[in-house]
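Below, chain A partners chain B and then partners chain C, in two separate complexes.
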Partner chain A sequence: MSAENQLTDFTDRPWLDPDARPFITLQGISKSFGSFKAVDNIDLDIYRGELFVLLGGSGCGKTTLLRMLAGFETPTAGTLSIDGADMSSTAPYERPVNMMFQSYALFPHMTVEKNVAYGLKRDGVKKAEIKQRVDEMLQMVELQDFRKRKPDQLSGGQRQRVALARALIKRPKVLLLDEPLGALDKRLREQTQFELMNLQDKLGTTFIVVTHDQEEAMTLATRIAVMDQGVFRQVGTPAEIYETPATRFIAGFIGSANMFDGSVEQQRGNLVSVRLNTGDLVISVEHDEPIANGTAVTVAVRPEKIRVSKQQPEPGTDNVMRGSVKEMAYLGRNSTLRVAIEGGQVLEVNSQNRYRARDGQHEFDWDDQVTVSFPPASAVLLTA
Partner chain B sequence: MKGKRSTFLITCLCFGFAFLYIPIFLLILYSFNYSKLLPVWGGFSTRWYVTVFQSEDVWDATLLSLKIALMNATVATLLGTMAGLMLVRFARFRGKTLFTGMISAPLVMPEVITGLSLLLLFITLQQITGWPGNRGVTTITIAHITFSMAYVAIIIQSRLINSDLSLEEAALDLGAKPFRVLFDITLPLLAPGMVAGWLLAFTLSLDDLVIASFVSGPGSTTLPMLIYSRVRLGLKPDINALATILIVTVAIGVLLAGWILLRQHQRKLKAEQLASQ
Partner chain C sequence: MESPVPVASVTTDATGFRGWVSAFLQRHWRSIIVFIPFAWLAVFFLTPFFIVVKISLAESLIASPPFSKLLEWGDSILPSLNISADNYAYLWEDSLYVKTYLNSLKIASVSTLLCLLIGYPMAYGIIRTQGTARYVLLLLVMLPFWTSFLLRVYAWMGLLADQGTINDLLLWIGLIDKPIRLLYSELAVYIGIVYTYLPFMILPLYANMEKLDFSLNEAAADLGARPASVFTTVTLPMTWPGIVAGSLLVFIPATGEFVIPDLLGGGNVLMIGRVLSSEFNANHDWPVASAVAVALLFVLLIPMMLYHRVQSREANS
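And now, the complex of A and B:
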């Protein structure tokens, strides 16, 4: 690989470049409300132009972290800098950051136009320029025809776009979005996800998005931070988090995963044999780091990475288990099966529906005897 | 069983309304009575209205009451709004809880006590500083402001507590300094509360008798004081006429407020309809 090639590689993934200067840096950021720690000692680097997603369940401290970036909450400990400037004593109205609120927080007594123009007016921009920029912005979010309406005369999707336009018009260095699509219905949400990505791509603004929806996070993010009880459990690209989850928690939180508990029997090269706690089964998993025999581990396998078949697998196939179909959900493109294997564990398996099901006859049915298998490379060994 | 109960309830309702409205109806009826003797119907006449309009005392008292009520409502709204803002929006200060509790004290304090203590205050002040020279409009207005301000502060407080803090944060986020946010966002959104507070302060002042009696001096008789002193000398029909004028004025005010609220509500419904299209 040439040096030039590596450079182009890094433009899309600056977090891998050891020489890249982070745009936003959090060091040891904590926030306590009384004795309750909402955000607990977080370190984070975000790079220019990223679409960074904070993902976590309700109450895990996402909004609190975002509010510290916007300047509405003062961290109990730690430092925070944006574009090289320390933000500790900078008021919200002086930060190069704008926020789109979860409730949109549109000013109810102002028209769409006035709402969008507000930030520029406060900055003392000239009237002619304000008009031109508001026009442009309304054009971009396709609200030209609604400029004279008040927020309560708009639908949910339109309100969301006004909030976005209002937060973007000052061309902030960073845009913070708190559950930007949370109030929209499913169809509109999916459509808006792509609009949001296109917009971010076009403007090149750094976006930090908060969401509790893992699919949304996977769709939008350049990188995701999975948050739980005030701390980051894992930070990485959507693929990293999905394919190589760091802990059982992550594996279970993002998508679904079958988990086998067991202990290491031996390691040969990058292949580890794990004896399961239930049943008389040994499965082999790829794992690069050395691991001591006898270590208690969990093997996680995604449902779509398990092969299910009514035929006997060819000899030499790895990780073969026999079982019977306990439940089946037909989803059109594929089916989700629950297969009970020897030892009693029930696995979730995805099967592509490659043949047309006719007369209610599916490839698999309740109580079918099947074999399931997965190659060692498809499983992940987890120690935490 | 069910039928019986509803008859009972309807009877109760009728009695309730009768107690409320028959006295008022009688008052209006007797204001048009020609006879000078109250219980005797002497035929329809508007002569008592003429008497009222020709009475200089009544004019003086009405103007005085209106003057006090206007000044009181305006100053009380300003001070009460500031107090409400201070108690809800601004950073914690020592004794904030105490102040929050104390602001509602004038609401439960017996008027006699309020009146008496204010009188004592004015007398003491006069002895020390020589002001206020004599009691009258100024002292009554000050006394009214002290208690109506508390009502306004409580209205403002409750509106602020229920209002969405993120609106003000959004303005801060867009580059408005806190003082600017107050004028651009907080106060416009508080306007309905301030109008309500102003109206409440106005009516509270207009019908206060007890406190005004304590702190007024010679030559400053408010309308309630005038009515009360006249009635003590015996019921006279011209007072009925005056009271009827008051009732009609208040009724017009209430209907107007109701109409404004209804129109606002209709406009909101229309807006929602527009939004759902």
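And now, the complex of A and C:
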């Protein structure tokens, strides 16, 4: 790919395109219940065809934000527009969005077929067309054989697919999904994640998905907004959020991270030396922005980016620490080690199991003396 | 190794009769639980009902008891059977009875409809309130039960009379210049029945609506249903069992109501309860009174059975 092409091809990353028009725009959106701020002054642009994930712990305001998009809650402040139209005085039944509810909210007195047809019937679509589109939709979610059943005669996974079909049949501009896979068991959830992605790819509908499961967010999302106490802590692609977390909170929330607290000793080019608070150790980290000496910082390193070895590292290796294995969890493909280093801090380290363990003999075992190391480019410097 | 079987039998022996009882209960508890309501119905409903049916097939006599025996033990070995359907034929032939039945059904239907129209929004309103307010409202619905029913009907007589509170008030405001007839009219009977039976409409509706899942309303709105459409496609079907229960609880006793038409309708409103009472107390014609009662039961039973047929056919389709 030519350099020129690389600069102008934003089809998969419209948020980078300065000329792109956002499809959904939230400006200063807040929602208070009494004196409690469930959503606090959120700005956000979502582009057409995105699979945008709102990720956050329970009670952080994800559902409330989604309900404001659907029109069930009125924002206490701010404006939101969808496809260029301001939504502040548009009733839920007039919005070009459909929602898949956390509880599915299937109509218990209607068959699968009637549930799915409900939205089209309300729009006065002709009988023949309703039948054809319901057939199509049921085929897509593989529920043709269950069309005459009532929701209470279906399994959790089948109900989830009815809810999805019912929300998609009106071909909404935006589909809102509140914890769509939350009620499914792990296996079914992983399988359904890919089905959901394929579907979204096929239909080109903009999806906004709420989840508290970070792995699910990483799998599904074009972009993730990490939410906490009603505000966005970071918005970015899964890789951005994982590899360059903006804060300690994000680094700890997404995946696991080893954090070293210290202060900046000096900066040379894009290499910063950080003296740790726990002792004499000095760590070097890559960091592009200028930073003043003495600034209190945290260095975060992902467990899989740390090398662990029983041998002495080659001279010249950066960030070498000596320690001993305190715990080991054998996971088959790899092992997770907890290594106590000088100064007392315990690091989480992932080690690939490159050799077969025989007779219970693993490459690393409890109380083994090891060295750990990581290159400066593998760590991030956090100031917040 | 010792087998566990003898140990088990020893335990049974040790507890003896109590063990047998508990084993019996464990094995048959389902039948026992089902038996209790059956026994109750048999003793307190079926038996009296068959006695009434029996009397309705007899002839009226001036004696004690004032009706003929069904089985007469004469000279022959077999008793002779004296069954007569004359009382039923009489009900059918005398247009007064037919008219009275029809009028009772009309008054009960209209009252049921009025109770539904008033009670449904009230029950819905109560459901939509939160916390203490809800229980206060519910208590207010049940509050009239704390005073005697008869006393409350007398109170309505005081309110509706020509020199009663309502007329006094209307005169004082100047809306009317002479008292209007309220008491001893069909209107008074409607007021009495709706007032008395409203809680019987509200309470089953409340119990039904308490289980309503309002996220269904949101789902319907999300799929493009306007508020009126949400009501007819979601709320109404979901509350249908409550509507049926409340309507039956109002309609059935209202059809046979005696006190309200007697006290508030006077002689001007024909209702079957009053006819039954006068056959029994004034005419001392027990067989005709019994026939009136049995016929009333069938008049009420037929629409219920039809309804049930329609329901089960719908469920099967």
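We take it that the second predicted complex is superposed on the first by the 377 of 384 C-alpha atoms of A that agree within 3 Å, B and C clash if a C-alpha of one lies under 4 Å from a C-alpha of the other, contacts with A are read in each partner's own complex, and residues count from 1 in each chain.
Criterion: a residue touches a chain if its C-beta (ideal position, glycine included) is under 8 Å from a C-beta of that chain, and two chains touch if they have at least 3 such contacts.
For clarity, every value in this text was computed on a predicted model and none was experimentally measured.
With the C-alpha superposition on chain A as described, chain C and chain B clash in the combined arrangement. Contact comparison for chain A: of chain B and chain C, B touches the greater number of residues. Once chain A of one complex is fitted onto chain A of the other, the partner contacts of A:Asn98 extend to both chain B and chain C. In the superposition on chain A, contact is made by A:Ala70 with both chain B and chain C.
By the touch criterion stated above, A:Gln153 is placed in contact with chain B alone, chain C being left untouched.
Legend: residue contacts after superposition of the two complexes on their common chain; A:Gly119 is shown touching both chain B and chain C.
Of 24-32, 78-86 or 258-266, the chain C stretch that intrudes into chain B once chain A is superposed is 258-266 (criterion: clashing C-alpha atoms). Annotation: chain A residues 70-72, 91-94, 97-99, 101, 103, 105-109, 118-119, 122-123, 166-167, 170 touch chain B in one complex and chain C in the other.
Of all the residues in chain A, the ones that touch chain B in their complex are 70-72, 91-94, 97-99, 101-103, 105-109, 118-119, 122-123, 149-150, 152-155, 158, 166-167, 170. Per the touch definition, chain C reaches chain A in the complex via residues 213, 215-216, 218-226, 229, 233-234, 237-238.
Interface residues of chain B facing chain A in the complex, by the touch rule stated above, are 164, 166-167, 169-177, 180, 184-185, 188-189, 268, 271-272, 274-277.
Residues 70-72, 91-94, 97-99, 101, 103, 105-109, 118-119, 122-123, 166-167, 170 of chain A are the ones that touch chain C when the two sit in their complex.
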